[in-house]
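Structure first, then comments.
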Amino acid sequence: MTNTTDKGRALSETLNPGMEAALEARYGHLVPGMAEGIVDFAYGRQYAREGLPLRDRYLGTIAALTALGGQTKPQLKVNIAGGRKAGLTQQEIAEMIWQMALYGGFPAAINGLNAALEVFEEETE
Amino acid sequence: MTNTTDKGRALSETLNPGMEAALEARYGHLVPGMAEGIVDFAYGRQYAREGLPLRDRYLGTIAALTALGGQTKPQLKVNIAGGRKAGLTQQEIAEMIWQMALYGGFPAAINGLNAALEVFEEETE
Amino acid sequence: MTNTTDKGRALSETLNPGMEAALEARYGHLVPGMAEGIVDFAYGRQYAREGLPLRDRYLGTIAALTALGGQTKPQLKVNIAGGRKAGLTQQEIAEMIWQMALYGGFPAAINGLNAALEVFEEETE
Amino acid sequence: MTNTTDKGRALSETLNPGMEAALEARYGHLVPGMAEGIVDFAYGRQYAREGLPLRDRYLGTIAALTALGGQTKPQLKVNIAGGRKAGLTQQEIAEMIWQMALYGGFPAAINGLNAALEVFEEETE
Amino acid sequence: MTNTTDKGRALSETLNPGMEAALEARYGHLVPGMAEGIVDFAYGRQYAREGLPLRDRYLGTIAALTALGGQTKPQLKVNIAGGRKAGLTQQEIAEMIWQMALYGGFPAAINGLNAALEVFEEETE
Amino acid sequence: MTNTTDKGRALSETLNPGMEAALEARYGHLVPGMAEGIVDFAYGRQYAREGLPLRDRYLGTIAALTALGGQTKPQLKVNIAGGRKAGLTQQEIAEMIWQMALYGGFPAAINGLNAALEVFEEETE
């Protein structure tokens, strides 16, 4: 039986190749093992779980990060890009973000749309 | 062509029968027209929109309200119940909420699961 | 020249009679001097300041606490009551709160209106 | 009788000329009708409402966006500029922002003052 | 070599005996494995780590939960109680909470002190 | 007996030489006395207090500002630098920040680590 660290590593290398190594290189001297913790918990014990498809997981994360506001813009962009790879259309992503005007306020939603525009622009380059 | 207020009213009466009248009765003396504004914007110009199915809209709202924290617990419960009617399983809802441990923190996710448990319990009554 | 502690004490005794003594009685054994700190900074160095009338100060606080969400509900109610004494009408307060749907989201604004209703109800008792 | 979309359009063209067209041009291909939704709800059903003057509305928004923190800095600046046109003095705006040290914390208030300084500087150019 | 799940289980059984079983009983039917995930990540990969003593970890969590606001009050109380067992004095906890007036605002700090008072009261029972 | 303004001034000149004068120069024309208010409340009535050592105060602030999210990045950096001078090791700071993944979410913790890396880099220059 594959444990959560192995499952997580398999998924993170598919979704974000090289991420674990990059995290370890950047933070490992300060917080040893942090990269493996992300791979195990965020991927193995969350994104790789049964019960909710990857596409839905990205949709919810995009909604939450939009509502939480622009300080997580880098992570929002990563999740928008990931959501696109998981099958979300640009329209679905934009609709989800704009809906967050109801819960995070209009500025948060507009700032989220701006993040999406940046990601979508990189798709055409 | 149906305008957004009509579209919104039709949807809100399906999802939350009597909501507009209840809002008007409760707040209308202080904020005239607020009920219609909710029906038009939140329903007509958001939840009734094409481009993202209702089931997905509820999933994103459940994620966002969980991550934002427990002060919106009443509204989170309403959206969990709405999500159930729109076709989300209890497992899908719980998975989405637990995933928010990554973005709103572990307490927010656990408090969200507690809200879900309350809604699911009412289903069996 | 009256210093900020004296100015603050004069204002707090007018707005919230007995508050400093109550704070000192409740928290003083744990956090000595905290009550005087509130009187000096929050009242003497904020609410008693020239440059913005008390009525406007309450309006802004009501807006901010609404947008921040329901975890500060007790303090929101205190400021709504204070705003009423400073000359704000019920309608002005409700309009300000509802406007926060744009910045703190619809649930935060509705929860704020519920806090206002509780305060206004106590006015008639 | 003018409906809220017309009222909102009239006000937004006065306060932010060309805003609706700019929003439509930027986001309309992703979120059709979003620009009109902002004009109707944010302007027609909020800022154009009776019951609270425009000057007070800006004051509350400035307070709320300051307390919510710097991720809405672009929108805070727009509202500071709008508040100036609606009759708020620089001092009133600064006092309101500094008061938010009590509710959003000292960093949020200082970051808000920095946004105000940027707006005021543009006034002299 | 003890893995993080074992380390985490050992620590959580010391700090919060029976917690994993209670979590599994309460949520396991909805989110299988969630309890083990908390034990592994929150305890094994955070609280059990070298580099920062347990007493300091509780101090930081108490500060953060206070600043984040009252929606995490249950968890704040658990961490205050945990901090007391880890060696923090009531005064140190209260001072840390009151300092959060600077970052989460005065209402958040006062609500945090109220949570502390509840915990300290239970100590004398 | 030294009052809180004198105590605060002594401490702030030690921790952040010239800060009061810089604040007064930058904001004093808009918000007269604000600089002294910071010196009195934030330093004299918080950081200079007995009951919790300076090193612990910085640890809690670093935790809180991380959990609150990246909009207070400038202030987080100042407090990380201050914490280093007060005796915190780079490892202790990084561990505290990473622990906030549990309360402010993973993006907030990673963004906090990035702020720490910037401060630590300046140490070697």
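By written order: A, B, C, D, E and F. Residues from 1 in each chain.
What we mean here is this: a residue touches a chain if its C-beta (ideal position, glycine included) is under 8 Å from a C-beta of that chain, and two chains touch if they have at least 3 such contacts.
Quantities reported herein were computed from a predicted structural model and do not represent experimental measurements.
Trainee: On the document's contact criterion, could you list the chains that touch chain A and likewise touch chain E?
Mentor: B, C, D, F
Trainee: Could the interface between the copies chain A and chain F be described as same, meaning over half of its residue numbers are common to both, or is it different?
Mentor: different
Trainee: Which pair, E-F or A-D, has more C-beta contacts?
Mentor: Between the two chain pairs, E-F has more contacting C-beta pairs.
Trainee: Compute the distance, rounded to whole Å, between the mean C-alpha positions of chain C and chain F.
Mentor: Centres of chain C and chain F (C-alpha means) sit 27 Å apart.
Trainee: Roughly how many whole angstrom separate the Cα centroids of chain A and chain C?
Mentor: 39
Trainee: At what distance in angstrom does the C-alpha mean of chain E lie from that of chain B?
Mentor: 30
Trainee: Among the residues of chain C, which are close enough to touch at least two other chains?
Mentor: In chain C, the residues touching two or more other chains are 31, 41-42, 49, 51, 65, 67-72, 91, 94-95, 98, 102-107.
Trainee: What graph shape do the protein chains here make by touch: line, ring, star, complete or other?
Mentor: complete
Trainee: Residues of chain C touching chain B in their complex?
Mentor: 69-71, 90-91, 94-95, 98, 105-108, 110-111, 113, 116-117, 120
Trainee: Where on chain B does chain C make contact in their complex?
Mentor: Listed in rising order, the residues are 26-27, 30-31, 34, 38, 42, 65, 68-72, 74-75.
Trainee: Of all residues in chain A, which touch chain C in the complex?
Mentor: For chain A paired with chain C, touching residues are 67, 102-107.
Trainee: Of all residues in chain B, which touch chain D in the complex?
Mentor: So the residues of chain B touching chain D come out as 4, 31, 33, 37, 40-41, 45, 49, 51.
Trainee: Please output the residues of chain E touching chain F within their complex, sorted ascending.
Mentor: Interface residues on the chain E side: 41-42, 46-47, 49, 51-52, 56-57, 59-68, 72, 91-92, 94-96, 98-104.
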